[in-house]
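Handing you a structure now.
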Amino acid sequence: MSDALFKYLVRLADDTVILSHRLGEWCGHASHIEEDVAMTNISLDLIGQARNLYSYAAEVEGKGRDEDQLAYLRNEREFTNLILVEQPNGDFGKTMARQLLYSAFMLPFWEAMMASKDKQLAAIAAKAEKEVTYHLRHAAEWTIRLGDGTPESHRRMQEGIDELWMYTGELFVKDEVEERLIEAGIAIDPESLRGAWERTIEEVLTRATLKRPEDGWMHVGGRNGVHTEHLGHALSDFQYLQRAYPDCTW
Amino acid sequence: QEFLDAFQARIDDEQKIEPNDTMPSAYRKTLIRQISQHAHSEIVGMLPEGNWVTRAPTLRRKAALLAKIQDEGGHGMYLYSACETLGVSREELIDDLHSGKAKYSSIFNYPALNWADIGTIGWLVDGAAIMNQIPLCRTSFGPYSRAMIRVCKEESFHQRQGYELLLTMMQGSDEQKEMCQDSINRWWWPALMMFGPSDKESIHSSQNMAWKIKRFSNDELRQRFIDATVPQAHFLGLEVPDPDLKFNEETGHWDFGDINWDEFVNVVRGNGICNKQRMKDRVAAHENGAWVREAALAYAAKRAAPQAAAEAAE
Amino acid sequence: MSDALFKYLVRLADDTVILSHRLGEWCGHASHIEEDVAMTNISLDLIGQARNLYSYAAEVEGKGRDEDQLAYLRNEREFTNLILVEQPNGDFGKTMARQLLYSAFMLPFWEAMMASKDKQLAAIAAKAEKEVTYHLRHAAEWTIRLGDGTPESHRRMQEGIDELWMYTGELFVKDEVEERLIEAGIAIDPESLRGAWERTIEEVLTRATLKRPEDGWMHVGGRNGVHTEHLGHALSDFQYLQRAYPDCTW
Amino acid sequence: QEFLDAFQARIDDEQKIEPNDTMPSAYRKTLIRQISQHAHSEIVGMLPEGNWVTRAPTLRRKAALLAKIQDEGGHGMYLYSACETLGVSREELIDDLHSGKAKYSSIFNYPALNWADIGTIGWLVDGAAIMNQIPLCRTSFGPYSRAMIRVCKEESFHQRQGYELLLTMMQGSDEQKEMCQDSINRWWWPALMMFGPSDKESIHSSQNMAWKIKRFSNDELRQRFIDATVPQAHFLGLEVPDPDLKFNEETGHWDFGDINWDEFVNVVRGNGICNKQRMKDRVAAHENGAWVREAALAYAAKRAAPQAAAEAAE
């Protein structure tokens, strides 16, 4: 069970650390300062979640690793984040689309997790839930503003949603790792969140005058470490210092 | 002249000038210039640090760096707002930055080349900024003074964080120590130049002193900074890259070598290592974001229209 | 003297390896296949030069390092390439501008080097000279074609030249490392190549209907390892595998 | 019908058909489809490898990879030219690729995720390609046959190079060995699918066999590939990810498990891991390069005009 819990925690941590990294790439390059501040803020929240999750994972693993060893010293195939979160930023519309699709899942996820039988996870959830409430609102507001803004912003926002849609199926995938934890009342069954996710997305897209893409083939693999080619380049930047100067304290 | 005397009397009496008060146009102009330059510096200053966000070596450091950059964005917004109370729009201010008409602190035209630079920027650059800004907490213009109080508080935190980063690295491997020494070698003199030309050369000083927009001379502040910083460098175990640096028992101050003012002038003129890159990045961010800002305006207009119609119908 | 020669060889090697890396970033993304092939080809020539130069440098150093240790295990501040060659690709016009400005210097450089008293350097030069003849012709032809093409291509090509101009001063910088080698008849005095460089650039820009930028402030530092912020990101990609999996044979 | 019979007779006689020969339009159409698909595959195939050019672990490997990619670009150009002899322009062919009308080898819709993949692509993907292409060196259409002779020669070299890369890594650290095993686990089945649907399902085969555009069936070639490759895998020390793989003493062939044709169909339909990314990259390269191609045309036109005028004046 502790092996499953370790894997589960690392998956969630990888999601947050990679998405945080992507948002950090925007630093100083947003359309206006308010958005520089907002994206930095979200990136910061996600790093905080990552630290809690990795630290707890390290504790569960019991091999003396710490949050940084988990984040900086695993290779691409060991990262088990959702493929959705590793997708490149693209323009601001695509970044907001990615945030919307992810946060609309994570809000009910953390809400449900607050009742987890695992007290530490429940505590992490309580903090994350507040943060993700803001992340979702921010992404939803921009989706609506851009979708219902100018013809150009409408086109870009629709493209962002369309391009990322095939990565949303992975939000609802579960495997034996999760099934055992769900049975034990520790993990959340993603299927139970589908209704809430669908409703949020429908509502936001409708208000944004955007079309919900058709559900076609869905791209999975991240949970087993099979990623798109984008992750490797992100990791080479992210991990460079730890790799170049091993065993240092920073 | 009567008005000017009365104004001066208020200032001499340490009263705060507020946005709706009448004020001499030169006072207003000086403030706009100085506050906007400060705001621009916060925004441009996000770039060298942003360059390391994706490569921070631990999650804790990455979080601290993101938080620092977020604070700087906040300072920028806060200072632009203070400027707007003086009757100039943020769009105008930003256009002046992009056209090169407005300046920002030249320090950000130096590149951040290794991770120790993130510590050094906090320690020396924020340190020098604070030294410049603490007197401004008592500056005569109310909104500026209040902004400075908040800014200084947060920057003191950044400075301590930067110092702590260097302290950690100086207890580390030889390579880490080398990075720190390399970093101070590159940032020391530019940090001293942040206090501006020496008093003999400075053109704005005397009127600004009278208006209490400025409260100490460039050279006084520079000396204060050096006196505070040199012992810290020594405590870290770093060598200050100035062969003429020497404690003067008589004056109680650190004597230091000649500043290369040619370099200072050159960087101010746009010939720093990163001047072009910084402006290119800022202009690109602005231009690439134009469609976003337009969309936000268009959306707001659509929302406003039905509301206005509803109100008119009442 | 062998210390100076080592430094000199590493400088030249760093130039070629970094420029080769930049050209390699274009792989599969050029405007037409002919250009994909041409840029790959130039990148390949430059890697070959880098290998010869690093290997010789390692031999001169005599500490048992090899070409890969020199290329992959030095940090940003130890790289002594010209700042010009580390500049990002930008669009195709800027890439061609960078290639023109560099190759117009390197052609007379290698020509002169063929008469070096150092036989190994002379041999490296003989091979490089042929390669750079092609690189220069290719870059010159495109500069002319784009400069004298459409208004858009003219504007872009001019921008590319203008943006990079301030990095060309470093081509002609020499320090004590080089001075001793020049005296010994081993290295080339860059000043002696200025005339040839100026003539080539003048002629190409004139035919391209482009304006030669005014000589203003020139940006130097690369030879002492003080770079622009671009190099670090290039190195984290370039060196990632060697850093992540130390001491492996590939 | 007389013409068709005469044409078939020439082919049966192993005569080469050349571009200026009359030929059945179905023959021409089939060739354009097949050759252009092959050309597109070379070009799209540059992308997964290009993804590793900047991260190759040694200068020697980086040079070899660049040389391989350069060869592939060369093959693409060569094959587009062969196609153009059949009366279709490269621009049309590329438009068909970008619109999704023309296909390319589905294998390139799988991602290159670790450095061992660069070896595996050479060994398995180029290996399977060669197995498909060697018979085409004797195909009835002359330009295609000649192109294939050159292509096969270069690809054999790439295949050996890929194998040697894996051999080096398999003598290395545990992590390197894991990368190799991970790589064959991901590429083995897609490589087998490169031979196309099994003979029962294949729609183009019989006419193409008669025209000697194709000379062996998909299943024959696939078996030949497996028989050649399995011992190589074992020599490397790799496990082939097929529990049903077993040497059949009677037939002298390796029996293998069922291929997941649903996956094959899915990827062909555009649902592979990288289909969208590959096309996005190709289309972006084409669109971002439009100004370059336009400039080249404009320049050529300017040069042609005075020359034409000069000639007219003679």
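When the chains are written out, they are named A, B, C and D in that same order, and each has its own residue count from 1.
The working rule: a contact is a pair of C-beta atoms (placed from the backbone, for glycine too) under 8 Å apart; a residue touches a chain by one contact, two chains touch by 3 or more.
Which protein is which chain? UniProt says A, C = Ring-1,2-phenylacetyl-CoA epoxidase subunit PaaC.
Not measured: the values here are computed from a predicted model.
K.L.:
Could you run down the chains that neighbour subunit C and subunit D together?
P.N.:
A
K.L.:
Which chain pair is joined by more contacting C-beta pairs, A-B or B-C?
P.N.:
A-B
K.L.:
With centres defined as the mean C-alpha position, give me the subunit A-subunit B separation in Å.
P.N.:
Roughly 34 Å separates the two chain centres.
K.L.:
What's the distance between the Cα centroids of subunit A and subunit C, rounded to whole Å?
P.N.:
41
K.L.:
Taking each chain's centre as its mean C-alpha position, how far apart are subunit B and subunit D in Å?
P.N.:
Distance between chain centres: 57 Å.
K.L.:
Please set out, as single numbers or ranges, the residues of subunit D touching at least two other chains.
P.N.:
In subunit D, residues 55, 175 touch at least two other chains, as defined above.
K.L.:
Residues of subunit A that contact two or more other chains, please.
P.N.:
As it turns out, subunit A has residues touching two or more other chains at 75, 236-237, 240.
K.L.:
Connecting every touching chain pair, does the picture come out as line, ring, star, complete or other?
P.N.:
other
K.L.:
If you go through all the chains, which pairs of them touch?
P.N.:
A-B, A-C, A-D, B-C, C-D
K.L.:
Spell out the residues on subunit D that touch subunit C in their complex, using ranges where they run on.
P.N.:
43, 46-47, 49-50, 53-63, 66-67, 69-70, 73-74, 76-77, 80, 115, 165, 168-169, 171-173, 175-176, 281, 284-286, 288-296, 298-299, 302
K.L.:
Could you pull out which subunit C residues touch subunit D in their complex?
P.N.:
Touch residues, subunit C against subunit D: 17, 20-21, 24-25, 27-37, 40-41, 43-44, 47-48, 50-51, 54, 67-68, 71-72, 91-93, 144-146, 148-150, 152-153, 156, 234, 237-238, 240-242, 245, 248-250.
K.L.:
Which part of subunit B faces subunit C closely enough to touch in the complex?
P.N.:
Touch list, subunit B to subunit C: 48, 51, 55, 111-114, 175, 182, 186, 266, 269, 271, 273-274, 276-277.
K.L.:
Flag every residue of subunit A that touches subunit C in the complex, lowest number first.
P.N.:
75, 233, 235-237, 239-240, 243-244, 246
K.L.:
Spell out the part of subunit A that touches subunit D in their complex, as residue ranges.
P.N.:
Against subunit D, subunit A makes touches at 75-77, 163, 166, 216-217, 219, 221, 226-229, 232, 236.
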